[in-house]
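Sharing a structure here in structure tokens format.
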Amino acid sequence: MDSYIIGQQLLNGLTLGSIYGLIAIGYTMVYGIIGMINFAHGDIYMISAYLTAIILAVIFSFGVTSLPFALLVTLLLTMVITGVYGWAIERVAYRPLRGSTRLAPLISAIGMSLVLQNYVQVSQGARNQGIPILIDGVVRLGGEEQFVQITHIQILIVLASFIGMGVLTYIIQKTSLGRQCRATQQDQKMAAILGINTNRIISTVFVIGSAMAALAGVLVTLNYGSFDFYIGFIIGIKAFTAAVLGGIGSLPGAMLGGIVLGMSEGLFAGFVSADYKDVFAFSLLVLVLIFRPSGLLGKPEIEKV
Amino acid sequence: MFKLSLRKYLVLTCVIGAVALAGNANAAGTIKIGVAGPHTGGYAAFGEQFWRGAEQAAKDINAAGGINGSMIKVVKADDACEPKQAVSVANRLMDVDRVQAVAGHYCSSSTIPASEIYDDAGVLVMTPGSTNPKVTERGMKGVFRMCGRDDQQGAVAANFIINKLKAKRVAVIHDKDSYGQGLADAMIARMKQLGVSEVLYEGLTRGEKDFNSLVTKVKSVKADVVFFGGLHTEAGPLVRQLREQGISAAFVSGDAINSADFVTAAGGPRYVDGVYMTFGQDPLTLKTGRDVIEKFRASGYEPEGYTLYSYATVQALTAAMDATNSTDLDKMADWLHSHSVNTVLGEKSWDSKGDLKVSDFVMYQWDDKGKFRQL
Amino acid sequence: MSLQQKISLRKALIDGFWSGLLALVIFGPISGLVLQGYEVRNELIRPLLMALLVGGGRFLVSCFAQSEKGKRYVDGLAGKRGAGVTVASLKKGKYQYLVIPVLILAGLCLPFVLGKYWLTVVILALIYVLLGLGLNIVVGLAGMLDLGYVAFYAVGAYTLAMGAQYFHLGFWTLLPIAGIGAALFGALLGFPVLRMHGDYLAIVTLGFGEIIRLVLNNLLDITGGPNGASAPPPTLFGLEFTRRAKQGGIPFHEYFHISYSPTYKYIFIYLVLFTIVCLMILFVTRLKQMPMGRAWEALREDEIACRSLGINHVTVKLSAFMMGAMVGGTAGMFFATYQGFINPSSFTFFESALILAIVVLGGLGSTVGVIIAALVLTILPEVLRDFAEYRVLMFGIAMVLMMVWKPRGLIRIKRRAFNAKGVTS
Amino acid sequence: MTTETETPLLAVRNLSMRFGGILALNNINFDIKQGSISAMIGPNGAGKTTVFNCITGFYQATSGSIYYQDGDSTINLVQVLGEKLHFKYVLNPRQLASRLYYKMFGGSHLVAQAGVARTFQNIRLFREMTAIENLLVAQHMQIVRNPISGVFKTPAFRRSEQAAIDRAHTWLEVVGLEDDANRLAGELPYGHQRRLEIARAMSTGPKMICLDEPAAGLNPKETEELSNLIRLLRDQHHVTVLLIEHDMGMVMDVSESIVVLDHGEVIAEGTPHEIENNTAVLAAYLGEDYSTTVAAPDGTGAEGNPQETNNS
């Protein structure tokens, strides 16, 4: 196999993995703080893809010509609106269930996922939608025929995911908000007694997670240019798998899990069989969990007797 | 005793519902045609195309006086492209709506189990879009289709790829779905007869958008033609990523990429430029076709994909009803086997299996404006 | 009138305003600006209406919550969250012995009253009752979150299709094989992973579910892949319920010299399925009163305590997993025979989620709850068919609302009471 | 300790336990006599619960053995948990097979099945099950559990079930919870939950019962009752009792031999009287300058733990 093909496959895996990682952050944060699998998260990402296209279209209809300005406004607005979505979903579907069984919010989340998908389908139609190509630069290394390439937008995705993870890790580790998050994560009741508004902290986590999904949504939409109301489902399951693979609850773990998943999928599809790449990805997950029961970077669960 | 009362209530509702619906089912002077397709889930776009076409056809036929004085009423049925729901709606169409014929089911995996129920109930079904050979290969008298078969379409594509494009290294990609994989397999079968084997045969996952690893693989096998069996939702990103990675191999696909959304999904007309596809005769070349398309446009809808197939299906069904003055399966089927119908897609006739006698698949090519024209 | 004075309209107005504003942000872009190619069509009147509706609704709710009755209601709602379990009284209800025979009789008469469509809906509902009962063993009783239950459903369904296709076996031969096969399959999958805890187990089972579906889809030469495979309908002592005999038997209607009706097949499937469901309910009820069932529940409550009592948690979990798989496999078998055709698209993750929703909504561990929830969740989408494309949207909303309304499930669990010493029950 | 001719029920030999870099137990050795009531004491963090968890099979000791006398044979309680598979065992197939077997099927349940029952510091009842069901679960290993006979309710199954129910009622009587039989375990008062947990451990039919701080949170009267219950268990039900307790009054009152741990090592072993006057023990509890304090005659004055001031 030519080395440039291998290099290209590694880059493909890295980009895909970064996208998984960005979305996995939302899963891992929510899981970390209230221990629930937010199945609607993938659909939040889907909403942000629609918002990107809608906001861009509105901005361009006002005759704006500066692309960086348009993109920045789109990114900010999408993150804000998606954040509001995250907040509202938590408030409506999950908060009333706090303190009941662990499974109740899970079912509520599955219901919410159906609601979001079909709400978008009903209001935007079932058709595949897209945005025009806005950024199309390519970095190529190598000769005329044999080269390794990465597009500018792919570079942006990889950078954004690492920066996003870095910033969030900093927030969680160093800031007051982060301390409150960690305290809530450890012991919600105790945190509440110590004067932390745990409800607000949980809402904040939902907003941050959704905003990260929005970041992914904007970048991915710019990259692939095509989306429909159903895209959240598959990528949501993959991102959640990535979060578990990396050790759920850990931010660097989400990123690592995403990249491992993306890479293994990419390499398997590239060199073995694309038919079985998902089988391989899930088998990898099962194997990792058998030998490292709390994921790659998760803290091992110490059994307290 | 909540349990008891619930069960009781349930039975009561069902009974009342059944009686009420049975009562108004056969209102005088109306003929009901079921239009079944996916209206929810990942394939919902096609359900809408079906519905638009059938609705317009019914409207036009009624405006022209209906069938022997009876008005046509189309009934929407959603199967979400799941076999489970397909069986449910099929039973509903038979038992509750009591339709006299069915235009429908998009996914072959829905059409196959549903047609068993129509056959049992003695109702004729014609599918505007299920191209899997198995649909008409089961010896059912009342199953017809308005579209071609995957094997016919695959053969047309293979002839074109080998004879016109003179391809030596053909990479075949499909979407692991009955339509896409069936088409890809049919294409390969014909290609092998012509003495060429594929250099790559891989499936991608429907609903995903990143096919970069697959594209790099195509690059590594140095294909000169890429054939894709699947829908425009995947074909768009696939062709875009091929071009982005600097692969100039010709891209050939089937009728399911025939949608303006293909251009959107590919990120603009410049990526679809030069893409080949197999598709039926262009209805715009027919007078009837032009008129109907004008009607659609006047109502603010650009007919695409299966819209006209669905329109033609309703035309064929009503023509058989009109000619036999009956909705009986046997009479209608016999008539359809022995007569041809002039539809919006041209004159159509059926063989003994229920397939179109003449497969009218021809090659089209997309241009850099995002339009396609017949070669 | 005194009630009116306690309500602060100002607070309600503020609540309503904020809710309306948020609703505007949420609904604004998605339902107000419809994408058409690269442009948007203005439909802003829709989100405005929705925002008004939400704001107004919030205003009314706020007013209501401030009233005496509302306060009581809110308190009641909060109180209900607490205990979900009670102990049955020792005295048996007067109608206890009457209810079950009446229900069984009603169940047996049902297919002769219903039309074919509703009969098929009820058959589907019964299949989900079966699935719910099976998953209830795993999730409700043994406390293991299984998100890939559909794998066993698929194994059962494909056992029928493949067995008929390759070995020419009939429905009745394959019925036990499907159950046992699925159980063995459960053991095979379960053994390496059952030491995992909680959500890790959940994601691993989800992975297994997806693997099974993908493998079934990819093994084109054996399973037919996406093209699916056909499954034979059941026979009654060699009599077939099809218009023309397909399995080498005699059609039922010809044997009895009656006119053909497609409903016969469904009536027969219904009756067989109804019997199996009744037996399964009996089986699960017995299981709960057996050492095995008690060990499952104990494991759900506290795994460490179980180990301290000498209970091997792995084998107990495995037994629950296998029992659940067996029931799932049987359900799959009926699904295949009812459909006549199966392909992998019937066994997606969404199906697992739906079955899980049945179990949770029913009230974890409650058999009656599972039955009611299965009926509700399968009949509801059919009832909603009149709403066309709004159907699944409304189904989703109903799912969320039901969960918020009854987070511990529809039915409260009643534990069996034991007589005092020396009194045999 | 006096020399014994009979083999001890439990012999802990060179037991060490390491958590990461911390050596929690260092070379622990002690014996538990058949039919004795023994106590394990020591300051907080001395490693008492760790020893307990090693004995009852919840922790896998890093090294050492725990020999348990089961009739005529001796079982190593460390081995049944499943030891690490090491490459060197490839040469010794029998060793490898046994290790592999225990790795796959071993675990703390085998320790319990051997006859070592325990209670927990934080009560671990099956909270959403009734009191009597808790006791029925505990008899799991002794009754007919064949699913087929259960489904068909065979006579053997009915007899076995009835016997189990009767046994459960007997134990409820012993611990005085007759009236609570059909109440949910989680809804019982705290003191009742403690007693129910002991009854549940006893229902497994153990030879030895390990009680982890049974008196924690009990009032003096309840503690007194507990002491009586412990004696009754030993005298009438012939079990060997090992307990961890901070309540010195109770320890001195009920136990016959005491093991004192500090910093993961055994610093003293002997009768209550010997321990009371052991300088090392006093030093461990009071610090090096213990000599300035005079040990109270009943052995309770020498306590640094505020919890233990409520002894009777």
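Note that the chains are named A, B, C and D in the order they appear, and that numbering of residues resets to 1 at the start of each chain.
Rule of thumb we're sticking to: contacts are C-beta pairs under 8 Å (C-beta built on N, C-alpha and C of every residue); 3 or more make two chains touch, one makes a residue touch a chain.
These numbers were taken from a predicted model, which means no experiment stands behind them.
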| item | value |
| --- | --- |
| Distance-maximising chain from chain D - centres being C-alpha averages | B |
| Chain nearest the overall C-alpha centroid of the shown protein atoms | C |
| Top chain pair, ranked by how many C-beta pairs fall in contact | A-C |
| Centre distance in Å when chain B and chain D are each reduced to the mean of their C-alpha atoms | 71 |
| Separation of chain A from chain C, taking each centre as the mean of its C-alpha atoms, in whole Å | 29 |
| Between chain C and chain D, centroid-to-centroid distance (C-alpha), Å | 43 |
| Whole-Å separation of chain centres (CA-atom averages), chain B against chain C | 32 |
| Where chain B touches two or more other chains at once, by residue number | 39-41, 44, 176, 203, 264 |
| Residue list for chain C, restricted to those that touch at least two other chains | 38, 84, 218, 304, 389, 392 |
| Multi-chain contact residues (two or more partners), chain A | 118, 121, 125, 129-132, 275, 278, 303, 305 |
| Chain B residues within the chain A interface of the complex | 39-42, 44-45, 47-48, 176, 202-205, 207-210, 212-214, 216-217, 219-220, 232-233, 236-237, 240, 244-246, 261, 264-268 |
| Touching residues (chain side chain C, partner chain D) in the complex | 83-85, 87, 90, 283, 286-287, 289-292, 294-295, 297-298, 301-302, 304-314, 319, 413, 415-418, 420-422, 424 |
| Sites on chain C touched by chain A in the complex | 22, 25-26, 28-31, 33-35, 38-40, 46, 81, 84, 139, 145, 192-193, 195-197, 199-200, 202-204, 206-208, 210-211, 214-215, 218, 304, 349, 353, 356-357, 360-361, 364, 389-390, 392-393, 395-400, 403-404, 407-408 |
| Parts of chain A lying in touch with chain B, wherever the complex brings them together | 1-2, 5, 8-9, 12-13, 15-16, 19, 118, 121, 125-133, 138, 147, 149, 151, 220, 224-228, 230-231, 233-235, 265-267, 269-271, 273-275, 277-278 |
| Chain C-touching residues of chain A, taken from the complex the two chains share | 31, 35, 37, 39, 47, 50-51, 53-55, 57-58, 61, 81, 84-85, 88, 92-93, 96-97, 99-101, 103-108, 110-115, 117-125, 129-132, 237, 240-241, 244, 248, 275-276, 278-279, 282-283, 285-286, 289-290, 293-295, 301, 303, 305 |
